[in-house]
Amino acid sequence: MTIPSHHTLLMTGAAGGLGQAMRARLQANCQVLRLSDIGAMAPAQAGEEVVQADLADADAVKSLVAGCQAIVHFGGVSTEQPWGPILQANIIGAYNLYEAARIHGVKRVVFASSNHVMGFYRQSEVVDALSPPRPDGLYGLSKAFGEDLSRLYFDRYGIETACVRIGSSFPEPKDRRMLASWMSYDDLHRLITACLTTPVLGHSIIYGTSDNSVSWYDNHLARHIGYRPQDSSDTYRDAVYARTPEPDLSDPAVQFQGGGFVKIGPL
Amino acid sequence: MTIPSHHTLLMTGAAGGLGQAMRARLQANCQVLRLSDIGAMAPAQAGEEVVQADLADADAVKSLVAGCQAIVHFGGVSTEQPWGPILQANIIGAYNLYEAARIHGVKRVVFASSNHVMGFYRQSEVVDALSPPRPDGLYGLSKAFGEDLSRLYFDRYGIETACVRIGSSFPEPKDRRMLASWMSYDDLHRLITACLTTPVLGHSIIYGTSDNSVSWYDNHLARHIGYRPQDSSDTYRDAVYARTPEPDLSDPAVQFQGGGFVKIGPL
Amino acid sequence: MTIPSHHTLLMTGAAGGLGQAMRARLQANCQVLRLSDIGAMAPAQAGEEVVQADLADADAVKSLVAGCQAIVHFGGVSTEQPWGPILQANIIGAYNLYEAARIHGVKRVVFASSNHVMGFYRQSEVVDALSPPRPDGLYGLSKAFGEDLSRLYFDRYGIETACVRIGSSFPEPKDRRMLASWMSYDDLHRLITACLTTPVLGHSIIYGTSDNSVSWYDNHLARHIGYRPQDSSDTYRDAVYARTPEPDLSDPAVQFQGGGFVKIGPL
Amino acid sequence: MTIPSHHTLLMTGAAGGLGQAMRARLQANCQVLRLSDIGAMAPAQAGEEVVQADLADADAVKSLVAGCQAIVHFGGVSTEQPWGPILQANIIGAYNLYEAARIHGVKRVVFASSNHVMGFYRQSEVVDALSPPRPDGLYGLSKAFGEDLSRLYFDRYGIETACVRIGSSFPEPKDRRMLASWMSYDDLHRLITACLTTPVLGHSIIYGTSDNSVSWYDNHLARHIGYRPQDSSDTYRDAVYARTPEPDLSDPAVQFQGGGFVKIGPL
Amino acid sequence: MTIPSHHTLLMTGAAGGLGQAMRARLQANCQVLRLSDIGAMAPAQAGEEVVQADLADADAVKSLVAGCQAIVHFGGVSTEQPWGPILQANIIGAYNLYEAARIHGVKRVVFASSNHVMGFYRQSEVVDALSPPRPDGLYGLSKAFGEDLSRLYFDRYGIETACVRIGSSFPEPKDRRMLASWMSYDDLHRLITACLTTPVLGHSIIYGTSDNSVSWYDNHLARHIGYRPQDSSDTYRDAVYARTPEPDLSDPAVQFQGGGFVKIGPL
Amino acid sequence: MTIPSHHTLLMTGAAGGLGQAMRARLQANCQVLRLSDIGAMAPAQAGEEVVQADLADADAVKSLVAGCQAIVHFGGVSTEQPWGPILQANIIGAYNLYEAARIHGVKRVVFASSNHVMGFYRQSEVVDALSPPRPDGLYGLSKAFGEDLSRLYFDRYGIETACVRIGSSFPEPKDRRMLASWMSYDDLHRLITACLTTPVLGHSIIYGTSDNSVSWYDNHLARHIGYRPQDSSDTYRDAVYARTPEPDLSDPAVQFQGGGFVKIGPL
């Protein structure tokens, strides 16, 4: 049973993949689920509010946040893209969001960070919350910025944030790399719920994956969050191996945790 | 099945909460269970010896320990109290107990230490056996003393001790903080049994909780003890949340692992 | 289901205890299982090749390795012995094997290292992949050499190796020490399979035991391998305690992880 | 003697305090010193080129960097300011600079980061290159962004950067906090010279202070840079104590390394 | 030049070896130096107050501390002794002192701890402020208690303490062990001065020795104190070697940092 | 002044570069300096014994060691060479030496290990005594073997060894890499003297360089040895830069600490 932890919960990025997957699930976590995106969203259902907003628009974000007690921030760019959109949505957008949270007294944020903050670690390394960031591109860099921003708003204003370094959250793992990085939608919801309900969240970094046998992550510094995955990519392992070729270990996309992201953009 | 590990096992603090809860359980761990307390205890059953003794009385403690092969030391003050009783029962008392153990050749002790040795860590921090003590009051301070004392008796005389930093051992968790710190009586018994039976105990520090999702503790340095909790506070989580208010994060009793203990005494 | 990861897999040491135990199991991991030993082996079955070879014979080893894609290296001495045989089989032999792998382009090796690389740690200590080696004898020393050798061949030539510090792999644990160090044959096979199939192995150190409650090992740096033991020595614990005497803590064979090995040889 | 390490060296921020102080000194490090700022600079002397440019103007920065072999980047905002100028000069500006370096094949950058990246550590803590950032304001946040950006350009393109977390570089320490954070201009020049000339710089973080007795910094991970301060704030200690009041330990500006910066902006 | 940091400075243990050595030196650190001991002291000079007091007498200690701004606490037992005097002077005495400091608002204490807190580390080990205590006797144990007590009073009441783990402070080193542990009186005074004057002391642990080549200590976590020794045992090395025998490495007094203390008391 | 620490001191490798450089210097460390090499040596002077011996000849080594109290072991191969000579001189030779030391009761060895044990770390990394070995060739591998061997003889037989990872000990630094790795002959002698005279050596790893500004080494775990370099490569820096070309950062010989060694042998 999910405990409704806040009256009004804002979820940004509602039109994106994860936003759509969490929309129905997060209704159990609140009385009112406010949904936002720069793009079109399905109409509001009972218990929902739908607000179209551009994260780069500071005033719009301020209005959006007013009256919320907590935020699940999926909004912004979630793939490797040129500097322009990354800057607008993920850097200016993140700043606008935290300023709005500060102004309106929001005290807890679940920030969708990414495994791409750590994408230049090797697939034979295990990282934890203290490993220094090694972003694999502009997207990962913008998420590292968001993490540092949230640290500032915690140290300065006491706004608690869980920086969830989400792996690969899809209906199922698509390739061999995702056997390590995969997170089921249900586990993602479990993790968000844990972040919203643990008594003291502080400023925390947690890797977001299911209970996969092959893993690059050590979450022992985030035990106070209480996340326990219940799914695993192992179920899909044989099928994935059967339909995908042997990895070429001379390919940076195979060597590094960031996978193909380490090769996008100018070479 | 619990393996009887020693012929005569002394359990101090038999009249206290944990002592009463362990009394019946520990009979399976020995041929003779010697029980002691400063207060009145239920009469001896078969396989039991009951000896009233004040830990602050060195001679009484020497007599008490004679003929035992191992000690489970619950005795002394187990709540925040003024310096006087803490000094008598927990500082002088602990010294008397280890001196008696040395004189009579007892080689293994399970020392009931406390989470209050670490009470000034935050509830968003995870501590392990190497984290420096940060006691939250005189009680926690006295337990830190006991741990150092036992280290001395290990380095000097080879007396093995498990310092069990017990969380909150009650029939069930009473509040949200205890969802992290709770330890069932059965798990406490499992942990004591592990300490008594592992081939080599050395001088070890182990956090005593059940298998709670939200946790502040990392026991990886105590794997040689072989403790595996089988209960969890998670069972009680929904009920506890339903009957307790939202935590006030500006309250030190919420911020710190020691809970309300950090506020007892002069301010 | 075990995924066949390589066409031709070489297993050395096929006539030894572990070699015999893995022979049938490893057929599922490849199309052709090439078996080798200095001693006599059972005749080749379907899908097998049997090649008698002395690891100390560089030319023989070169021939042996030709045409393989991966190697499971159990060959050589696996007990404490005098310097002569250790030198020939484990030092010269390991060098010959890696040279052959380099020459023939073999890119992945599962190297049967040993808990005796770490035998002079105490049974109350927990070690991980970064703990410096403390071999307990010439055998452990030769395995430490093999680990460093494999590191060189990884850094220089990109040959991936899992150094599996095998505990005590027997049908069941024989004594109290093995309750910590025991590894079932099935778990050993699971671990080898994980090493052969994980997308990126790198150069990794992993402790090879089953899921025993009492343990001296921390494998968190090897999560990328994806090994999950499914057996446990706990099943045998009561029986082992019943048939073995109390450990004498003044005996180095009890104090140290290496057990009896720490006492073999000149004193 | 300073070794001239590059033919054309670009120093940005030439009109600022540090830029002015380093201008004459850096002429010994190159054949041509190209100077740039958004504001007016003194006219070019022999061996100098003066180019006015706005870091937020990507094309201007590309032109600016063309033909340089190394960059000392002091440009941008160097005090706590509102988001607008920080964004333009320090975030967009840093991105433009590294893009220009990538395009023009510049392989070494000395990036003037700041102690304010770590400003929310306490003045009784000692930090090193692995301590996670805790910026004390938007300025420190923008420098943390620059550090992560430079890491990306190192991992992806091999551009070496020294992130120099400069303390307080002034003619002399102004207050008690600066006794810890002070760096003489000559020491700053020594540090830049070390960064420019060490054979392999990699991506490195180094704290930039003189050899002050009271210090919050541990540079042992940057020994390969070879920086050896020769000045010390100790010379000024008595005078500073004489003219400044006792610190008020309840003031965050005294408690935290960032000093007054931790209190600038909305409260 | 020593900066007078407090108006009235209390030094306990004024009749002991270190107290006598520091008495004249500490006058430069304050306007009024209050001196205390259980034993007889030389009469008060100008700028001094002399108060005989037993640390075990809570009321006497409260009077003693009234009106002071800082305390240098040398008082109590400073050698290995039986439990009785250790308990009275070092455990009860330390508690009385910190209670008095709390009541009278004293905010900074220099607590003379001891190398004997760490006496069971080997002379081939290097310890720092995070190494867990391993006291070598009841004296070292009582100093470990005092350190934990001071931590509590810092976390709870903001009283800053430097726990100075003094090595061997004598006019010159007496034996080979003291070549590592020796601290000149002038260096001790420098260290106390640093503790009294550093802007933020926090709760800190620092090893107190001169700048000896052979050392067991790493003070990098105490750089904020600003201690710089100017003397060294090296001056005495040849003479000490000439007059002392070769160490017997089978003697615990040679093996362990605590020296002869590890052998005092019941064996 | 160098203290003569042992009556008869054996130095192997006396005909090599370091052996020749230390021969005269080490006479001050003993009454009798026994010199050995496989090759021809200058005739014995007063206070010297000259014994030609092949380290691979166990009996010869046993004779060689008889009557010594300590050994400085420079013998064996000191450059990258094929497996055959490495095996004979450095692996079999080291084993023979330690066996002889065990048999004849020698209790202290200064083992000339090498920076090439760590040669595959980057020149922008700083390593210490706990960093895992990453040898850059067969020579470095053989030295890693010697270090593990000496650990075994310490844990098993109490023979103390200093593994001195010598950088580049020549009359002066020859190239830019040696500015980091250089050790003057006088500093090498100081380090050997420190190892021979420190009261407790234990089993220790120490990097052997002079006090060079650019360094890859952190010796803080070896402070108990008491080595203080007094020379520095900095003196030669300008001249070395003037006569050597800019390093090519794409060359492994520049990237890695091992320099050119990382490229010797089969590619």
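Read from first to last, the chains carry the letters A, B, C, D, E and F; within each, the first residue is number 1.
The rule we apply is simple: contacts are C-beta pairs under 8 Å (C-beta built on N, C-alpha and C of every residue); 3 or more make two chains touch, one makes a residue touch a chain.
As the structure is a prediction and not an experimental result, all values here were calculated from the model.
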item	value
Where subunit B and subunit E overlap in contact partners, by chain label	none
Classification of the subunit A:subunit D interface as same or different, half of numbers criterion	same
Cα superposition angle of subunit C on its copy subunit F, in degrees to the nearest 5	180
Mean-CA-position distance for subunit E and subunit D (Å)	40
Subunit B residues counted as touching two or more neighbouring chains	220
Every chain pair meeting the contact rule	A-B, A-C, A-D, B-C, B-E, C-F, D-E, D-F, E-F
Contact set on subunit E toward subunit F in their complex	122-126, 176-177, 179-180, 212-218, 220, 237-238, 241, 247, 249, 254-255
Complex interface listing, subunit E residues touching subunit B	83, 87, 91-92, 95, 99, 102, 120, 130, 132-138, 140-141, 144-145, 148-149, 151-152, 155-156, 262, 266
Complex interface listing, subunit F residues touching subunit E	1, 3, 107, 158, 160, 194, 197-204, 220-228
